[in-house]
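Take a look at the structures below.
Heads up, the next two complexes both have chain A, just with different partners, chain B and then chain C.
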Partner chain A sequence: MDFGLAGQYVLNGLMLGVIYAMVAVGFTLFFGVLDVIKFSHGDVVMVGAFVALATFLGLQDLGVGSSIALILAVCVTALAATAVLGALIARFLVLPLRGSPPLNTLLITLMLGLALREAVRLFYPNGSNPKPFPALLPTDAWSLGNFTLRADSLILLAMGITAIVGVHMLINRTRMGLAIRAVAQDPETARVMGVNFERVVMFTFALGSALAALAGVTNGLYYNEINFGMGLLLGVIGFSAAVVGGLGNIYGAILGGFLFAALQTIGAIWFAVPAYKDVFAFAAVILLMAWKPTGLIAEKSAERV
Partner chain B sequence: MLQRSALLFVSLLLLALPAAAKDSVRIAFIGPLTGGVSANGIGGRNSADLAVRVRNAESATKYEYELVVLDDECKPNIGVQVATKAAADRKVIAGVTHYCSAVAMGTVDVYHKFGLPVIVWGAVLPDVTSAHDYDEVHRVNGTMINQNEVAAKFMAGLKYKRWVVIHDTTDYGKGHNKYFSEDIAQQGGTIVGTFGVTADQQDFNAELTKIKELKPEVVYFGGLTPIGVRIRSQMEKLGIKAVFQGTSGIVSDAFIEGLGPLAEGTLAFREGAPAEKLPGGQAFLEQYRKQNYADPPEAYGAFAYAAANLIIDAIEKVGPDRKKVMRELNATRDHQSIVGPVTFDDHGQNTVPLITKFVVQDGKWLVWEDSEYAKGKRKLPRS
Partner chain C sequence: MSGRAKTSIAVALGILGITAFTLLFLELEAQWAIAVLAVATVVALTAFRLTGAAARLGAAGAAHPRGALGIALGMVLVVAAALHESHFALLMLATVALYATACLGLTLQFGHAGIVNFAGAAFFGIGCYTTAVLAAHTPIPHLLVIVLAGMAAALVGSILILPILRTRGHYAALITIAFGILFKTFLEVNDTLGGPQGLKVPAMNLFGWSFNEPIRIGADFEGSFYLNYVFLAVALAAVAYVMVVRLEKSWMGLAFDAVRLDETAAAAFGIDVARWKILAFTLGNLLAGMAGGVYAMMTGFIAPTNFTFGDSLIMVSIVILGGLGNALGVIPAALLLLVLPEKLQMIQEYRFLIYALLVIAVLLFRPQGLLPRRMRTYFVRNAST
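The block that comes next holds the complex of A and B.
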């Protein structure tokens, strides 16, 4: 394998990794702050992508031409819409079930995911067909042998990494972040200290869901195609990535996301039938879980979230 | 007194009988109405529905037909469930069944067990009719054997030499891989790589990076629209300039909608001909428009329409009895339909050899001979 080809594989893997990591960070945030697993997360990714597409089509009809304004508007709307969706999920589905067994939260979010998916399929015009997602970013490409570097991939990669770093800073450097960490560590004490528990939980869900929307938009811009079922596998992969990295730990989620992408890429190169790559990646995850049941970066309660 | 009133009652009953409506007979339609290939399923459903409506409106029709519509979601497990549901309903006399080959394969045993005669309207895997001796299963459309023969000859005629095959790992994709690989080898073409992928895969960059290194002239894709759209658009991103050659599975408006201008120059092959070029196609399209269905008949609508009509003809002739209808269908020879004359062989396979070559030009699937590519005004990529 020549150098250019290897570089191409690495770039492909990195792009996948950054999408997975964004989804995984959401899972880890929710688990960290409230010990819940929100299985509708993958479908929130999909909703984010569809909101972005709808916004784009709407703005195009209004005649908005400038690409930078357009992409900003698309991103902001998608992020805002899913942030509200996330907060609503927290307020009306997750918080009321706090006292009941965790299985109930898991089930209700699983059902919500199904409802979101079917709603898009049924109510988005022609929603059961794959939708072309506009290429809003510059498509300049530089080729060096077998290696093709595209400007849009580079921008998406930078955008994803910035978003994850941003979330990390928000949690570790701001007052709201302090409150989130307090709730994660001990909700009762945090309440006694005057932290508005419900607000913090809703904010965390909004934050995680906005990140999911960004993953959805990235996905759309990268593949130029979205469909109502895209969240299903993304959700499972994001969850596996978060678990293998250590549920509740942001670094773990990032590590898990890139690790899963690397496993898939290696699987696709190794096997004559690339369809086995998911089998390979998930099998590797099972082995890792057997070796380190708490994840690669084990959660310490004091360092949650 | 009692006797007399009883007599009156019976005679009244007898009087009432001729005035009653025609006996109702149920026909099942099964296809993918939700999921990635639902556009084709809904087109087929509408077309079968159209056949039933048209025949019900005719006064000469002996029975009142009722279409029982079931969704197989293009998933074999769901397909077996709904096939069992249809077959277990004794009022259902026959079925117009399945677009997806994997589902059609999974359900043949069900139809045999319950003795329900069916006509497949879209699945193209040869095994659906050839791999068993069940008298219940028929098919109006051709198979992928015919399709790939024509495809290989045509592509060799365009002087292409190096292929890469991507196929999904369902029976459908594997079948296409098998038949195309055999046919193209006979035509002197070389397959430099074969890639089996899952039918719901999102990311093909790793496979396509490998493919880029193999430098094929043509990427042959054996699979359905959703991943066809993804593979084609990701090819572009990696700068692979090969011709994209598909199968009947991508001949749908959804393929073009999903890709936009990128669909230009895509080749595909399908049994039969476009509806407007079929023997009874114009009339079919006209009636279809009159019903104001929200969705187009898509590529296989005409076959679903022909299948439903074959069944109705058989029931009209021998009455609503599964066994008799099955025997009647098995004996079909040169039956005139909108897809041309239908003749079922020993396996219930229509022997129609007609295959049409398609190319996407300006956002439309055009018959190759009518396209600017055939006239030399536009050129397919050469690498």
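The block that comes next holds the complex of A and C.
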């Protein structure tokens, strides 16, 4: 394999890795504050992408031409819509089930994911077909042998990394972040110290879901196509990435996201039939879990006996 | 009226009501008739419950498990005989029995030993594909093929045992989810197993008696060939049901519950946690695989789209809706979830959405399911009189 092709694979892998990491960070945030898995997360990614598309079509009808204004408006609406959706999910589905077995939360959000998926398929105009996603970013490209560097890929990569770093800063440097970390460490003590528990949980869910919308928009811009079923696989991959990295740990989620992308890329190169890449990646995940049952960066808390 | 007479009336009404409901539910086609049936069922159930007849029926059933099973099989026989000419209703009846069998396996894993399995459809599918390959390419007798299909599912499941034993909770859930998706993707890209087009499966042939021939008794009774499969499927479901219930009542069931409720405490009391988890997981997959084997022969054609993650979720919904851990609840839940969308064509398109919302509502408002699992009651043979 020549150098250019290898570079292309690495770039594509990085791109996938950023998308997966954004989804995985959401999973890990929710697990951090409430010890729950919100499985509808992948479908929130999909809802974000569809909201973005609908906003774009609406603005286009209104005659907004400037692409900077367009992309800003699209991102802001998508992020706001999923943030509200995430907070609502936390308030009405996840918090009421706090006392019941953790499995029930997993199930209720799994079912919510199915409901979101079906709702988009049935109620979005012609929702069962894949939708073309507009190319909002500049499409300049520079070629060097087999290696093509596209401007939009670079922008998306930078945007994704900025978003993840931003979330990290928010959690580690702000007052709200301090409250989130306090709730993650010990909800009871955090309450005693005057932290508004429900508000912190809802804010965390809103934050994670907004990041999911960004992942959805990035996915749409990168592949130029979205469909109602894209959330299922993205959700499972994000969940795998968060679990393989170690739940509750933001670095683990990022590591897991890039690791999964690397596994898929290796699988695609290795097998003659590239479709085996998912089989390879998921088999590797199962093996990794057998080797490190609580993820690569294990949870810090000792097991209660 | 004496307690005994009241119980007899309750049992007689219960048998009549359930048989009539099943028969009408499978047979009715017109939308208004189904709506009337739904209203009548809700009214009848409420009356049954308010008058205390439901409690009496339940107690009578619990006191005479063998008699209850015999009566239940008799009711299926009556329903099947009444529907003997309608192919579609019989196909639905057999499908319900097979899904119930697979879900009984999940009940064992999930409700008793506490191993979450989100790949139920995958193990069902392993049974289907094993049957397709063995029945088409080997001379192995078909009844043995079904058993081998179950064993294949259990064997493939044993690959997952190590990761499942080492992980817990959400980490364990990921393993079965990953396996379910891996399985379907693998089938889609694998050309030797038909790829996305699927495989044809030969019909069941039992010692020269082909299941795809109509049943003839005397000169004037001719039944649909699906009757054969209904008998086979119901027999399989009955065996699975008896096995699960006996296991639950035995000391092994107590060990399963201990493992589910608190692994650490169970281990401290000398229960080998790994051993019981392996047993429950393997037995559950065996049941799912065998049910899949019969299903493949009955439909004659299988494709990867029958075994998606969504199908696994339907199985999990059946188990939760019926009442987690309650083997009896699986049967009405399977009947409702599988037949209802076929009956109401207007909701056919919306069925996944409606299931999802239904399960969400059940989890929020009645987390114990439609028929909650009861405490074991030993030594209560005469309590109903």
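Throughout what follows, the second predicted complex is superposed on the first by the 300 of 305 C-alpha atoms of A that agree within 3 Å, B and C clash if a C-alpha of one lies under 4 Å from a C-alpha of the other, contacts with A are read in each partner's own complex, and residues count from 1 in each chain.
The rule is short, and it goes like this: contacts are C-beta pairs under 8 Å (C-beta built on N, C-alpha and C of every residue); 3 or more make two chains touch, one makes a residue touch a chain.
The structure presented is a predicted model; accordingly, all values stated were derived computationally and were not measured.
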| item | value |
| --- | --- |
| When chain B and chain C are modelled together on chain A, clash or fit | clash |
| First (chain B), second (chain C), both or neither touched by A:V285 | second |
| Touching partner for A:V273 - first (chain B), second (chain C), both, neither | both |
| Chain B versus chain C as contact partner of A:N196, first or second or both or neither | neither |
| Contacts of A:R150 with chain B and chain C, given as first, second, both or neither | first |
| First, second, both or neither for A:V243, with chain B first and chain C second | second |
| Which superposed partner A:L233 touches (first chain B, second chain C, both, neither) | both |
| Which superposed partner A:N224 touches (first chain B, second chain C, both, neither) | first |
| First, second, both or neither for A:L107, with chain B first and chain C second | second |
| Shared contact residues on chain A - chain B and chain C | 233, 273, 275, 278 |
| Of chain B, residues touching chain A in the complex | 34-36, 38-39, 169, 195-198, 200-203, 205-207, 209-210, 212-213, 225-226, 229-230, 233-234, 237-239, 254, 257-260 |
| Chain C residues touching chain A - in the complex, by the definition given at the top | 116, 160, 162-163, 166-171, 173-175, 177-179, 181-182, 185-186, 188-189, 264, 309-310, 313, 316-317, 320, 349-350, 352-353, 355-357, 359-360, 363-364, 367 |
| Sites on chain A touched by chain C in the complex | 31, 37, 93, 96-97, 100, 102-104, 106-108, 110-112, 114-115, 117-119, 122, 232-233, 236, 239-240, 243, 247, 273, 275-276, 278-279, 282-283, 285-287, 289-290, 293-295, 305 |
| For the chain A and chain B complex, residues of the former touching the latter | 5, 8-9, 12, 15-16, 121, 126, 128-132, 141, 143, 146, 148, 150, 153, 219, 223-225, 227, 229-230, 233-234, 264-265, 268-269, 273-275, 277-278 |
